[in-house]
Structures are given as structure tokens and as C-alpha cells.
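Following are the structures in question.
In the two complexes below, subunit A is the common chain; its partner is subunit B in one and subunit C in the other.
Up next, the complex of A and B:
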């Protein structure tokens, strides 16, 4: 059957059908992205913390913008080539479009990866550091367990995921029987528990015979349940010390001898805590939240918790000095400007700015600044030997000191993923959805590129119309990015 | 609608020029983001104005909205109305927040 109006216009709309279809689809896309853009406005205007600016790497976004614009131009060229019936030329332009889409996505992949491997830590006093964590252990709680207590009703086998040496370990119940706390074993325990509860209910209702029969079944089939004590707990002894490396968010609380998993896991470990510290190399220090609650001049930067946790205390001290060295003149200039403003506006109450940007420093920049000053200074003194020694000393850390922060002082910790704050949540939602559109567009245009020859030979105008429709979608994807780029990267 | 091959050939030059303009305006967007115009609001407004202009170029020239059939415009009028309405709902929520 011939599909009507693929090339000729329908009399009532004046258009071939696919064109109306794509515009209706684009209308729904406008509503989709429109909703997200208005969410962005809402989140940004309603944020009660300084909205992150200059956090994304502009070169990534900039290059991607250029790539999408070029691909938009190429897709029109491809369409024109088809209209002119120049198949080879069409193939060249369309190949470039698909290539641009692929480069865009690869670029985006690098950008996302950098965010997912970069970490943010807020301490209990609201001082914030960001940096890199080098291993899973550095962001986990490490516990050597001798026994594990599981719960009949709420427990499950998931805790085994974090047991490093699980292949070498056997679990023994108090009565000496060996138990394998697998998924199937827990499922049996839960089934048995339900049946036992039903038997209890039957006994309470006076149906002793049915209750006894059910209990018999429980004892026969679900004997695993018998090992549990009256409160539904079972303490399993490990044949050798089990080394657990557990993500912080899976742990409810811990002491030196005991660790409780979250309620969803309902499991407890007894043994010895090895480490409950977060180890990272920091590259940014942000004291804005720490200082915002009071007058910053009265709150000492040195009192911020982070300065207690440098692996090398001297390095921490040095950073503190550099930080103050960087901040003091800026604070003084700010105060001067405020005084000037007050003098110019007598009688008007001054509303203090809530955040000073200079209370947040990128350690690379700070290091460069201070290092440059050092160089000038020591060159003036002609003390090259000392300078070389200092250089060698500093090159060890590259201005990225290591810190070890006890987890009990960590208020919040996350990579720069969607859970970090609303900025990253909306950033990943919108750019991720846009990325999916680029991927979808790449598939469709790639199909037209590699599988379009047959239709072109049969009905070239139909093929040109298909490319026009695909192109309209592609321009829309470009159009969305034209807004995404400035609002996330530049504003 | 640019249907005949001759007409389309004529449009090629326009497409190239618009592409160049879009690239240039991308540079301008980045450049003006480095300039402090006094307040974030002014900077954001300028940035969005440039973005809107670029989007306008894409829509008008690449998507052929400068010479389309009335049917398409009718669809778009509805879209703009509802998209603006959606935006307005959020702004109303900001103006009259629920406070506990």
C-alpha cells in the first residue's frame, strides 16, 4: 500500500504529512524542555546557597556548541544536496553530521567522567573541600568482623557484597551448624517466619491441629529459622576475620567494636573498626558556608575543622597562611568599598552581600599565585638553592594536600554527580536528556546515511523529505543546546 | 517554501552565512560572560538575549520558519502559549511561596 502524502501536499494542511508530524513532535519537545528550563529558573532563583558559577569547564561546552552548530549547517547542506539530486555530496555532508554527533557525545562522556570522579565533602562546621579520592577503600568504612548478626525479618545477603575475603570464610551458627547466608537461605528464613506467624495465629484462634501441622512443616522445610533466637536474631561466627570495606551510606552507626548497617540491611558486625576516615587529595577549599552565619571578621578561618585533618600538619598550616594571604587584601578592599558606599548613601541601610567569592579558593590557582611570589622573592635574594629545595618539596603534592577526615565529622559527601546539589541535579537531567536526543538523532540520521540509497533511487523527493524531517529534529537539538550552554557554563 | 532546485541553490549562501554568524555569536557569548556588566541580572539578560537571537536564526533560516505554511505557525502559536504558561506557573510559585 502506498503511504499517502509523503511527497505531495495534503489539500487541507498544504503540507506533506511527515512535516506536520515532526512539528507536532517538536511542539511536544518544546513543552518537555520548556518544563525543565522553568524548573532550572525556579531552582536557581530559590536556591538558599550560592548558585555554582564557573564550575563547569567552559572549553568542553564551547567546543560542543561549535560542533553542534557545524553539524546543523552540514545537515542543511545534506538536504540541499538531495534536493539537487547529488547523492555523493549528500553522503559526505551526512557523514560529517554523524561524525559531529559522535564527537559531541565522546566529549560529553569525558566531561561526565571528570565530574563523577571528583568529590565534594561538607564538614560538620560547613567548611567544604573538593578533591580526588584514589581508591574505593579511601571512601569506605573498613571493619574487621569476627561475627555477624542477621535479622530474620529484615535481613538479607547484601552485606556479603562488601566482604572482601568471602570465599575463605565459613559462617557457623551458635549450635555449631554451618550456614551460608545466601539469598536463597534468607528467602527460606522469611518464608518460614511467615508460616510460623500463621501457625501462631491459628493457635490463637483455637485451631490447634492446623497450627501443629503448619509448625511441623516449618520445622521440616524451613529449619534454618530454628537457629534464630526469640527476638529473630542470629549471630554467625566467622571462621576467620572478615574484612569489610563498606560505603559510608550503607552504615548507620559504628563504634570501635561494632558496626550497624542501615535499616534496609538489618545486619550488625562485631569485631574491630580498622578505619572510618575519608582520605582525599584536595584541590578546592570553600569557607563561604562556614563563614556566612556570622560576621566573617569575627570567625577565625583557622578554626575551620578542615585544618585539623591535614596528613601533613605543616602543609595545612601553609595552606591556611596562603589562604589568608590571598583573602585579607580582598576583604580589606571589600570593606573599603562598603564604607565608600555607606558614605555615598547616608541614611540608607546597607544590605551586606551574603557570600564573598574570595572565601573560596582553587588550590591550583592559589599555589600558582603564591609560588610566583616566592620565585620573585627568592630570585631577588639570589637564593637559588633554597628555591630549588622548596620546589622539590612542593612538587610532591603539586599543591594538592592530602587530608584524612573522620567520617563522624563529615556532614555530606558525594561526587560531583546529580546528588551533590540542585545545580548538578538539573545539569545532569537537562544535559543527559539532551545527550539522549543527540544519540537518537545520530541513529536516525545514520540510518538515512547508510540505508537511504534504495529509497533515493525509487523516490528521491521522498528521501529528501525524510532528511528534511530528520534535519528539523537536529536543528531543534542544536537550538536547545544554544540555551543550555550559556545557562550552565557561563552564568 | 523553497522547493525548486534553483531557489534552494540560492539559499545555500544564506545557510553558510547563518552558520558563520552562529559561530561568531558563540564566541561573543563566551566573551561577554567575562565582562562584568554590574550585576548578575544584566549579565544573564545579555547572555540570554544573544542565545535567543541565535535560536531565532536557527529557527527562521535552518528550520525554514521564515517561509512556512500557516498550519505550522498555528501549531507553534499553541506551543508558545502553553510553554509560556508553564513558565508562568513556576514564577507564580516563586512570587507566592508556601512557607511553613
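Up next, the complex of A and C:
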């Protein structure tokens, strides 16, 4: 039984089945990416923060665009070769297509990696710094625990994940028995708890015999439960101090002596807080949201919280000076322009822009600019001190000061991943989905390349049709990128 | 030429018969089958199971509203794990869970798979004279995607969190922040809902591509566009609706997954508090965006539910009135218009979101416009009855009941289209009553008509008539007892999300319908509080009655496979479309010889012929020109 029109076109529609199929599939793909592009517009128009316009690496995106366009051309040559029944030539072109796809994905991988290792911190007053965190401990809460309190109903073993020296530690219940708070142990506790509740229910219903029997089973099999107190808590003492290194978002609250995990973990630690600060080396200072202009609060740059947290206060002072040095003339020029505009348009209300781009600085660029000025300055006046300071800067971290921000003052912190803001969320979602399409296309075209010989010998036209369908999909993937590139990298 | 193809196909058929003789292994024939009929039946059985399951959820909910202070009866409690219920009663979160899953299961796993996937798969290739779908393996993949999605939905009930709880619309940020208090957010019902939806959507997309390609490319010789049965047209439009409307929902599901698992803020606004705590994400997203994406699917989905049912009715009516479908062409154009318009009405679900008066006015206009093609369809079906000698067979009874029931559903929708009136009716039981009239006694009646109509085709036996009546009449009455009171209490302001009657029930009353005594006198009098409760008790009674009324159907459906009356020939209803040109049940490959269509689909009572039907596959008496050159539309 053969389905008709799999290879040859149906006379009245002029189409073979797979060609109808791929166009329909592409129509639905258009709607898929259409939904995403519409979401992009919706999110961008509704953004209440300065939409990032120059944070992605244009050269990377540009090269990737070229690669995809080239591969789209190559896939046509591959198809033509098949149509002319030149298998070897087809193999060459198709290999190039697959190679291009691979290079595209590798490029993308580098871009992603750079973003996942770069961090962003918003302080409570909306001043923002970005930079690099050098170890896991630098972004975690570190706590030396003497005891752990677990909950019978909601507790689980997940907290062990962050106990550094768990192999050396034994847990002891108040009655002296040793306990291993593993997944199985918690599961037993929960099972026992359920049985006990059922036994209570039976007792309440008046069926004492059944209740007693069930309670016996509980005491027998689920004796772990007996150690818990009436409120369903159990305090386990650690045989030696346990060092916990816990991601911030797994902690609900902490004091110097106590730490509460989130409700999903339902666990408490007692002991001594070692550190609850975020340590990073910053490369960008962003005060646009701190100094919002549609909300005329009089704020001084120097009052921004971030300047309190430099490891070397002098570096902070230096950065503050540099920042003002950079910003003041631009702000004055802007205010002048506004005044001019107001004079030209009497009676029209002036709507201030919410954010001024020059209130964000990359430290490298700032350093270059200020340093250049310094040289002229010191040459003119011969200020040795300043020259020495600039020299020290150069030899040291090249203007990337370290900061330690207590978590109480952190409003929000994240790497430059999808969580950072809606721009990165939609960027990762769209390019990720697009990347999956590239990967899928690469697999299919690779299959045609390495496994197509058999079908080619049997029915070359069928093989050419397959490549045509794959090629149409490949063009579509290319087209999507051509829209993605400008909206994320350029606009 | 026609003879040549016949000879060819005979040869092919011969080979095929031999192939059948070898008998494919069981798993290949019944489980991983590529045959469109087996896939259709797989879809049918699965979706009937889901319909029954969704119905059960609804019974529990109805009990909870009618008797909020009484424990669930044992027969409803059988399937509920104890940890979900308190003192034998449903609590609010269980009610929410059942509500969300009732909607999801009924729409995405029950009615759409039954109407579009089951009937569409089984009937469409037969009606266009094709040996199978254009992409049989894709078809199988489609079913298994659906099946996996369904298993995930069901499986989510067994997770520590239970299933999704925030309504079938899954609005953010409620859905984003629900069930976050579990060690693994991935293994929560709310996340599973999204993953399962991705599978169900993929299944629908594969199905839609397959249907449209099949209809475009695999029509039999002579089956021009205007000779297609209306059912095929409806399937094609439905296919396009699914194809183009589902991807935005897939986008929404992916984004919400990101919100839950990667802590993005697509749908999370700035400054959101959850349980009084600031929600620790960046913010800046838009809850309204989710609603747009959801309803961009959600509204076409209504027509995805409707079109298969109305198309089944359009097949059943001519076969039983013995006269052509009135206004076939207008129906075709109406269904195409309907398909187009259904893409630009979605925001009438969102009048209350404050999206702006002009936007509301636009969507109000298109919504009123879309009633025109809907009314054309229904009117054509009504007029088709005119002057026919109607045979009230079982399928015809269901089809006949479809017309007024769907009419009520449609007309009660009109007030909701106007945003001023919707301000009052939004989120009340009026809305529930309206769309349940459309879906339950409307669409599901149409689907029942289809089951009774095509049952002989896939079993070779008729369903029992007595049991059929025992199924039909109580169902008809129970449906109305169940849904008509919703309109009344909806207008009075009864909110659709109250699990225990909310503020409308007095706290202490233990009155039942029968104790209240003065039920009707209370209906519009000042005893409004008691009325609400009485109506709910009445509706619960209707729901129970409806459940009982399905028992004869289940007996009939399975019993008739073995004991039903055998049909005397392959065309028991004397119908004209090509699915009756096959042997019964149709073998793999369907037709014994390649069918050719010589005429339009509904040639009943043609003057001058000796029978009252004149099948598409039989040449007309007069010498015909070659079918390919036939002018479109006869």
C-alpha cells in the first residue's frame, strides 16, 4: 500500500505531500515565533526599567548572521547538486551547511557562557553594580551549625546538599539515638506521620481496636517518628561544627545565631553565622534607576548605598569622583538643551525622560577617559600624588574594585541569565528556541548527509525532495535569526 | 484512464490482501498502528475515558457547592486520596484542583480529541477516498504525544502538590506563584500542567498538518472542492485553527515554565507580594500578556470544539431527512469566514482586565460579527429539515437535539459579547451556563450523533435502539436541569469560583430542595439566599441523573460490538458520502478499488432515480464527461 503523491506532484495542486506539510508546519512556526515577537514588543513597551540596548556583543551576532545566511545559500547548492544527480558535490555543500550550523551553535555557546558568569546586583536603593564573582562562597551565605531542626510534615533531606563536611558529621537526636536524615528516613517519618493521623482519626471515630493496632505498627516500624516533639519538630545535634554554604534564595531569614531555610525545605540551623555578604569585583556602575528623572527626588550620587561597601574605601571615593567628573558636564549639557527646548515651546509641558544613559558607566571606559584627562592634568600641574594613584590603579586591578555587600542590602541579584530582567528572559527564550531549531535542522540535514545514500540510489528524486523540505526549514530558521539579530543586538 | 487506475489499484489491493494475511503483530496493529482508523479509535477510546474522568471531577465539585457542610458520598470518595479531603469534605484547594483539571481535561483531552482527532482521523480519509492520511507515522506520533500529555495530566494528581489548581486558563501570576512550597518545583502539578500542555499542543500541531495536507493532496479523482462533504471542510478549517492558534499558547506555556523554573519575570509584575513577602524575581513583566497569548488560542479553540460537532450534524441530517443539505455552498463560505473571524475576537474574554475602551469596542464589534456565520450554519441546518421525511434514527435524535441546545448556548452568548453587560455577568454562573450549553448539550450531543452514525462503519453492527433512547431522553432532560438554572443564578450574581456557595448561602441552613418546600415561590422572591442553594441542589440532582443516563450508553457501546444487530449491507443509512463505499469494517487501505467521485456529496431524492439516495461513487445514469473536467459544484 503506497500513499500517493509522496514523490511526484499531484497534477491539480502541483504539490507533493511533504511540500504541503512543510509549508503548513512553517505557518505554525511563524505563529510560534510571531507569538514570541509580539511578547517582545509587549514586554519592551511595558518595561519599567531602562531597556538594555547595547549590552550584547554585536560582532558575535553579526558573524552568526553571516554564517546562517551563507549556510542558507549552501543548502540551495546542495539541493541543486541532487537535482543534477551529483552526489559528491551534494556531499560537499551539505557538509558546509552542517559545519555552519555547528559554528553558529558554538558561537552562541560562548555568548551564553559569558552571560552566565557575569553578575548583577541591585541594592535596596536601586543603585546597581555588575561584575564577576570568583567563587561559590562569595555569593552564598556561610553558616557554622551546631544543630539542625527538621520538621516531620514538611522537612526533607535537601539541606544536606549544602553541608560541606557532611562525611565527618553524625546527627544525634535529643534522646541520644543516632539519626541519618536521608531521603529514606524522611520518607519513613512522613509515612509514620500519616499512619498516626489515621490512627487518631480512627480513635476519634470510636474504633479503638483498629487505632491501637495501627499505633502499634507506627511504634514498631516508624520509630523514627517518636523522636519528634509535639509540634512535629526534631532538633538534631551535630557531632562537630557543620559548615553550610547556602545559596541566598534557599534561605528565608537569618540572624547571627539562627538560619531558616525556605518553607519548601522547612529546616532550621542553630550556630554561628560566618558570612552573609556578596563579594564581587565590579566592572559597571549603573545609577540610572537610583537617579530616576520622571520621579523628581533630590538624590545625591554620593548617597548611593553602593559607595558604602567598597573593600577599599579609597577606591570607592575614586569611583565616585570619576563618575561625577564624567556625568556632571553631560548633565549640564542636557539641562541646557532642555531649557532651550522649553524656551522654544512655551506652554508645552516638558516630559522628562525617566532614565539618562550617561548615568551608567563601564569602569574600563571611565578609567580610560579619566586617566587620559589625568595625564594632561598632571603634566600641566605636576601633581605627583595623582600620578602615583593612577599608576597604582594600572598595576592593580585596573579599576575593577572589589565590593562586599551584606545580603540585607541586596534587593535582587542574579547573573546575566534569564532571571535578570525581561530583556534577558526573552533574549534567552527566543535565541534558545531558535538554537534548538538550528540544532534540530542540523540533525536532520546531517542525517540526509550521512544516511541519504541509500535513498539516493533507490529514488534520487525522493532524496532531492527531502533536501528541499529540509532546506525550506533551514531558510525559515535563517529568516527568524535575521529578525532576532536587530531586535536584540541593534535596536 | 479510470479503468487503468482501477486495474492498478486492484493489483495493489491484491498485494495488500496478502499482506493482511500475514497479520501484523498485535502491538503493531492495535498499539503502534499507523492506520488512520485504528488511530482514530485509539483517540476515541482515550478521549471517552477522559470525558468520563472530567465528568467525575465535576460531580465532586457539584456536590461541594450544593452540600458544602456534608461529606462527599462514598461513591464520589472512592478515588480521592485522604490527604486531600478534610473530614470527608472537599476543601477549597481540592475544589480548585478539580475545577482546573475538569476544564483542562474536558477541553484539551476530551472534546477536542474526540471531535477533531477521533472522528477526523477515522472519517476524513474515508470521505475523501484516500487509503490513509498523508503522513501515517506522523499520525501515530500525534496520538502518542497526546497520550503522554494525558498521562502527565493524570499523573499530576499523584504528586505531593496534587494537580494544577488555578483554573483551566492558568492565569499568571497566580499560576507562576502557585505550589512553590515544594522541594522540587519541577515535580508539582502546576509545572506538569505546562509540560503536559506542550505535549498536547505538539500532538495537535502534528495532527493539523496531517489533516490539511491529506485533504489538499489525497482527494479521490473527481472529488473537487465543492464536492467535499461539509465534514471535510470543517476538518480543514479546524486544522487551520489548531495550526495557527496553538503556537502562541505553546509560547505562553514555555514562558510560564521559564517563570516557574528559571525565575524569569515574563508574567510577573514589579513589586508582587506573595504571602506578604516580596517575590524574589526581577519583575517588570506583564500578566496581561499571558491572557492575550492564552485567549489567542482560547477563542479559536471554541471553534475547534464546535466545528467537528456541527459538521457531524451536517452529515447526519441529510442522511436522515433524505434530502440535500440546504445551502451547502453558503455553509462552506460561512465556515471559512468563521475560521478567519475566530482569530480576531479573543480579547472579549478580557473586558474586565482594563485593557482600554477602544480595544474593547473593537473586540465587541468582531464578536458580534462572528455571530453572522455561526447563525448561517445553524440556519442552514434548520432549513435542511424543512419538508424532509425525517427518519428519527438514534443519530438523528441527537442531531435534532443539537440544534435547539446549541441555539440556546449561542444566543446566551450574545449578552456576553457586549462589554457593558459583561461587566455584570463576568465570572458569574451565567458564563458557565452559556458555554456549557454550547459544549455539553450542544457539542457533545453532536459527537454522540457521530458515534451512533459511524458505529456501523467500524463494527459492522448497529447500536441498540432501546438503550439508545434510554441514553438520549434522560440525557436531554438532565442537561437542561443541570445548565438552565446556572443562567438564573448567574444573573443574580452567583460567582463561578465559590466552592461552598460563598456569601450567598446562609451559614446554618441544612435545607434541601425537598425540605425547602416553596422552591418555585422562592425563585425570584426575597428568599434569594435559599433560592441559590436550592438551584444548586437541583443542578447537582441533574448532574447525578446525567451520570446515570450514561450507563446505558456504556453498555450499548461495548455490548453492541458483540451483540449488536448486524448490518445488511455496507451502507446501512443509505448515505451518499464515500466512507460508506468501503467494506465494513474497512480493511487497512480502506477501499477495494480506488474510488472516484462523480457528483456532489448530498444527492438525496434525486428526481428520476429509483432510490432516494445517489452515492458519490456511483456514476450518474447519463453519460458523464471525465470527472476531472467537471465544473465545480453540482
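Everything that follows uses one rule, which is that the second predicted complex is superposed on the first by the 462 of 491 C-alpha atoms of A that agree within 3 Å, B and C clash if a C-alpha of one lies under 4 Å from a C-alpha of the other, contacts with A are read in each partner's own complex, and residues count from 1 in each chain.
Just so we're on the same page, a contact is a pair of C-beta atoms (placed from the backbone, for glycine too) under 8 Å apart; a residue touches a chain by one contact, two chains touch by 3 or more.
Worth saying up front: this structure is predicted, and the values here are computed from it rather than measured.
J.: Going by the contact rule set out at the top, does A:184 touch subunit B (first), subunit C (second), both, or neither?
T.: Touch status of A:184: no partner.
J.: Counting only touches as set out at the top, which of subunit B and subunit C does A:4 meet: first, second, both, neither?
T.: After superposing on A, A:4 lies in contact with subunit C but is clear of subunit B.
J.: Quick one: classify A:46 as touching subunit B (first), subunit C (second), both or neither.
T.: both
J.: Applying the touch criterion given at the start, work out whether A:425 contacts subunit B, subunit C, both or neither, answering first, second, both or neither.
T.: After superposition on chain A, A:425 lies in contact with subunit C alone.
J.: Tell me the contact category for A:457 with respect to subunit B and subunit C: first, second, both or neither.
T.: In the superposed model, A:457 contacts neither subunit B nor subunit C.
J.: Just subunit B (first), just subunit C (second), both, or neither: which does A:372 touch?
T.: Neither partner.
J.: So, does A:34 touch the first partner subunit B, the second partner subunit C, both, or neither?
T.: Touch partners of A:34: subunit B and subunit C.
J.: Looking at the overlay, what does A:212 touch: subunit B (first), subunit C (second), both, or neither?
T.: In the superposed model, A:212 contacts neither subunit B nor subunit C.
J.: With both complexes overlaid on chain A, does A:265 touch subunit B (first), subunit C (second), both or neither?
T.: A:265 sits against subunit C, while subunit B stays out of touch.
J.: Where on subunit A do the contacts with subunit B and the contacts with subunit C coincide?
T.: Correct list for subunit A: 13, 15, 20, 24, 27, 31, 34-35, 38-39, 42, 46.
J.: What part of subunit A is in contact with subunit B in the complex they form?
T.: Listed in rising order, the residues of subunit A that touch subunit B are 13-15, 19-20, 23-24, 27, 30-31, 34-35, 37-39, 41-42, 45-46, 58, 62, 65-66, 69-70, 72-73, 76-77, 80, 83-85, 471-472, 475-476, 478-479, 482-483, 485-487, 490-491.
J.: Which positions of subunit B touch subunit A when the two form their complex?
T.: 5, 8-9, 11-12, 15-16, 18-19, 22-23, 26, 29-30, 33, 40, 43-44, 47-48, 50-51, 54-55, 58-59, 62-63, 69-72, 75-76, 78-80, 82-83, 86-87, 89-91, 93-94, 97
J.: Where on subunit C is subunit A touching in the complex?
T.: 12, 15-16, 19, 82-83, 131-132, 134-136, 138, 180-183, 205, 208-210, 212-213, 216-218, 243-248, 250-252, 254-255, 258, 262-266, 270, 280-286, 288-289, 292-293, 296, 588-589, 628
J.: Could you pull out which subunit A residues touch subunit C in their complex?
T.: My answer: residues 1-5, 10, 12-13, 15-18, 20-21, 24-25, 27-29, 31-32, 34-36, 38-39, 42-43, 46-49, 154, 156, 158, 194, 198, 249, 262-265, 412, 414, 417-422, 425-426, 428-429, 433.
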